[in-house]
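Listed below are the structures to be examined.
Next come two complexes built around chain A: one with chain B, the other with chain C.
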Partner chain A sequence: MDLNQSMRLLSSWIAQIGVLGLDLLWRFIHLVVSLCYIVSGIIEAVESYAISLGLNKKYSSINIEKLRCLAVVVDIEEARDVSKVIELLQWLRTIGVKQVGLFDSQGLLKKSKDLILGTVPGSVLSEEIGEKDSSPDQNPLALEFISSSDNKEAVMKAANILLQDHLKSSRPENDKGENFFTETHLNEALRVVGENVHAPDLLLVYGPIRSHLGFPAWRLRYTEIVHMGSLNYMRYGSLLKAIHKFTGVHQNYGT
Partner chain B sequence: MNTQEEVGEFTQIFNALMSLMRKFIFKVLCAGPIPNHVSFIMDGNRRFAKKHNLTGLDAGHRAGFISVTYVLQYCKEIGIPYVTLYAFGVDNFKRQPEEVECVMDLMLEKVEYTINQAVSGNLKGVRVYFVGDLNSLNERLRVAAQRLMEVTEENKDLMVVVCVAYSTSHEIVHAVRESCVRKCDGTGDDPVVLQVSDVEECMYTSVVPDPDLVIRTGGGDRLSNFMTWQTSRSLLHSTATLWPELGLWHLVWAILKFQRMHDYLQKKKKLD
Partner chain C sequence: MLSLFSVVFTFLALFLLIPGLFISRRLRLPFCLENIIRFFKITASKYDDERNDERGPLGEKEKRARNRMPKHVAVILDGNRRWAEKRGLGTSGGHEAGVKRLMENAKDCFAMGTNTISLFAFSTENWERPEDEVNCLMALFKKHFKSEMPYFQRDKIKISVIGNRAKISQSLLGLIEEVEEATKSYEGKQLIIAIDYSGRFDILQACKNLATKVKDGLIQVEDIDEKAMENELMTKCSEFPNPDLLIRTSGEQKISNFFLWQSAYTELYFPNVLWPDFGEAEYLDALTWYQQRQRRFGRRV
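Showing the complex of A and B:
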């Protein structure tokens, strides 16, 4: 019995040492991965400064007409620093972007709407474009403020409108609603509840990871999604590079 | 003859060593958190065929299927419970009719092959589920897909969801329609109002949890109308590697990235 117990104890120790060994190896691999990210971050920073200083001729001219609508997703922790968002919008205006959708999941930027519109020169709410006089000399920057309430909740509001209309209509028995609930109908219902259904061409994500963080799903279908890193360390050169890369993309939309 | 036998033995030893090395790598990887659900946007088959001068409309897709078998094997060995494959989108029907027919025939061939594997007991714990507008597929393929789902129903190790004739916009519209029709058919005096849960229950992909990690091959930076509703808290990983060229190290790298960001992703999910 003592021998059996000793063997069991020994196997248990070997197993624990094995698990510890694997854990140490895993941590070591992640250390190497982090070092790779640091090195790549340094290279990107240097490249970005070179682009900002105009040293790379490739980025000296951008076909901005191809970018009709840009969206910016900001992680909620970073959205608290509105000054950085304002600086980003000023950069976008300098580049020539005409329409920007600003998204954060909790609507912090929506709450700071007045401050942003008051601080960024030439910025107007996108729904007000066309209502105000705009002379050819002005290049307004149309801003749209979006949050998670414009995602699933908005689709529910639109779906409930369709449901109520369907209930009120005279429908045949065993009706499966195929003529009533279509993409066109849902688009129209979303417009009725005040949602913008246009898809942005490019989505820039400022935050720790590349994720759309709940940007309205209905609008994201073929949008190019680019991770820009933290808003606190944003760089003009990186922004130019991302927009330039987008203008070179050719999409076949599944065909 | 002897040389051939020697080569055969050497290949077996080499394969066994590679398998051991792979299992060791996965053991190390599993010291950290593993994604519960990984989705793959399998882009790049046609470019692969062009790059390697392969003839035949389905040449790239055949190479893509080989990649599917390896990737699923790796995911099963790592212990990932759910994998989704974006096999064919609604927008892909707009391709040349000959190409669409070729791809459908290839899918039928591979589904029938997989049914034989499942019946012979070679699928080892893999459950296959087809989602999408299956009514838009030809009858033979639809029947074969249904049969494959039935023969693998009891398998529990890895659930593979194959999205065919799928797109997010189609899925949302379908889910809204289904949930509205159910509400209309419901009885009782309660006000008829749709909730998010009513619609999500009717989504094609309601059989799996939301993805933790989405891997897109082929260099594209977009989701191409794939699971945009379900990926609010997913890490989106893109690689320039074409799908048929996706290998072990690409998958390992994507999972390492996921592990680096796991705490942040968990925090975001808790906020929800």
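Showing the complex of A and C:
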């Protein structure tokens, strides 16, 4: 019996040591992985500051003409800090971007529209470009404010317009819809609903996850999507790097 | 000092080297710290998922937020031509390697607990490619639908092919219908293959279907909402129509007209590796990356 009890005690100790060993191993692995991420984060930050200070000649000239329309998606938590958004827009203006669409899923930036337009010098609503004959600023920054209501809800409204046109047609019973449900018609219907249908060339996502968070789906067909991390830790160098990388991209549109 | 060194070394050998060899042999991956780290993270996450299931019923969204394995993974298979060019092969060689990789990766994904896998095999825009290339791709689809049928039936994988079937040849269409019919009753695992698919076309055909239903008096105009729209999209064949994770290989950072409506809250992962080189290790990387994210589906937590 003593032998059995001793064996049981021994196996229990071995099991406990094994569990402790595995726990230590797991924590060790976590430590190694965390260190790797810290090191890569430091390298990225140093590179970004070097770019901001103009030390990296590669980013000193950017072919900004290739970027006709830029969109920025901001996570709702970060959209509450409008000052950061304003700072970002000022950087974009410095770089030479002419058209920016600002998106957050709940429309917080839409509500701060007046503040943003009043604070960012040379900024105007994109709808107003062309309406004013003479603008004091020769290079205005056209801003568009977008939220989730401009995504699926807008497509629903546009679909209803197409449906009404289809039903009003002279022979709806014979028409299978090929003449009413095309991309051109949906584009037109979206314009009637008041939506912009221009696809942005580049989409910058500021937030904890790399997802477009409900940006109007119809417009995203060939848009380059770049995740920039948190808006609170945004860097001018990272922004410049992302735009520079985009200008080097070749689009073949699936062909 | 020497005895202390030997104890530490023995400890390291017992708890690092031997399990590491065991794990890497199981994974059929090169023995390196990175792969072992990935394996531990995935295994721990699966263990977390099982514990969460045991805790009791949760709301669907809360369960998915806590569940760290994606239920639906979508893949844009990009880079076959560049892969072939690098190796001095023809385009067909690249596509052949791509399709072979496709089946291997699908098996790995299902083995890791993913319920639905969507593959962007051929887009509407791809019809503009050279005729030889298009014919080669169609021939590859035919060949692999036939050869993989026993695997689909053995592992009970439901096959669904989505896209505009108007331009697909009758022979391939017949094969597709045969495979779909043979596997339609399977549940738990689904492989969605997008052939001649366009995200914009998907939205348009959903609008057309709804219009037809209104015209036929089946629904009223007021009934047309987001839910009604989602029920008409081609992904209605799946229990999980919206992908949790979308992977596009070859370093391109766009979704190229794939799942435009469905990808509103999808995690986008853009590795630089070309599709024929995207193996189990790279998929583990994508999963560990996915599991580190905090998904809020647009709400405040």
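The rule is short, and it goes like this: the second predicted complex is superposed on the first by the 211 of 255 C-alpha atoms of A that agree within 3 Å, B and C clash if a C-alpha of one lies under 4 Å from a C-alpha of the other, contacts with A are read in each partner's own complex, and residues count from 1 in each chain.
The criterion applied here is as follows: contacts are C-beta pairs under 8 Å (C-beta built on N, C-alpha and C of every residue); 3 or more make two chains touch, one makes a residue touch a chain.
In this text, all values refer to a predicted model and were calculated from it rather than measured experimentally.
Once the two complexes are overlaid through chain A, chain B and chain C clash, as defined at the top of the document. Contact with neither chain B nor chain C is seen for A:Arg68 once the two complexes are overlaid on the shared chain. Applying the stated contact rule after C-alpha superposition, one finds that A:Lys110 touches neither chain B nor chain C.
In the superposed model, A:Asp23 lies in contact with chain B only, and not with chain C. In the superposition on chain A, A:Glu224 makes contact with both chain B and chain C.
For the contact definition in use here, the residues of chain A common to its chain B contact set and its chain C contact set are 22, 25-26, 29, 33, 105, 151-153, 155-156, 159-160, 162-164, 166-167, 176-177, 180-183, 186, 208-214, 217-218, 220-226, 249, 253-255. Those residues of chain B that touch chain A in the complex are listed here as 27-29, 31-32, 89-92, 94-95, 167-170, 172-173, 176-177, 179-181, 183-184, 192-196, 199, 220-225, 228-229, 231-238, 256, 259-261, 264-265, 268, 271. Only residues 19, 22-23, 25-26, 29-30, 33-34, 105, 151-153, 155-156, 159-160, 162-164, 166-167, 171, 175-178, 180-183, 186, 208-214, 217-218, 220-226, 249, 251, 253-255 of chain A touch chain B when the two sit together in their complex.
In the complex of the two chains, the chain A residues touching chain C come out as 21-22, 24-26, 29, 32-33, 75-77, 105-106, 148, 151-153, 155-156, 159-160, 162-164, 166-167, 172-173, 176-177, 180-183, 186, 208-215, 217-218, 220-227, 249, 253-255. Interface of chain C with chain A (complex): residues 11, 14-16, 19, 33, 36-37, 40, 44, 123-126, 128-129, 199-200, 203-205, 207-208, 210-212, 214-215, 221, 224-226, 229, 252-257, 260-261, 263-270, 293-296, 298-300.
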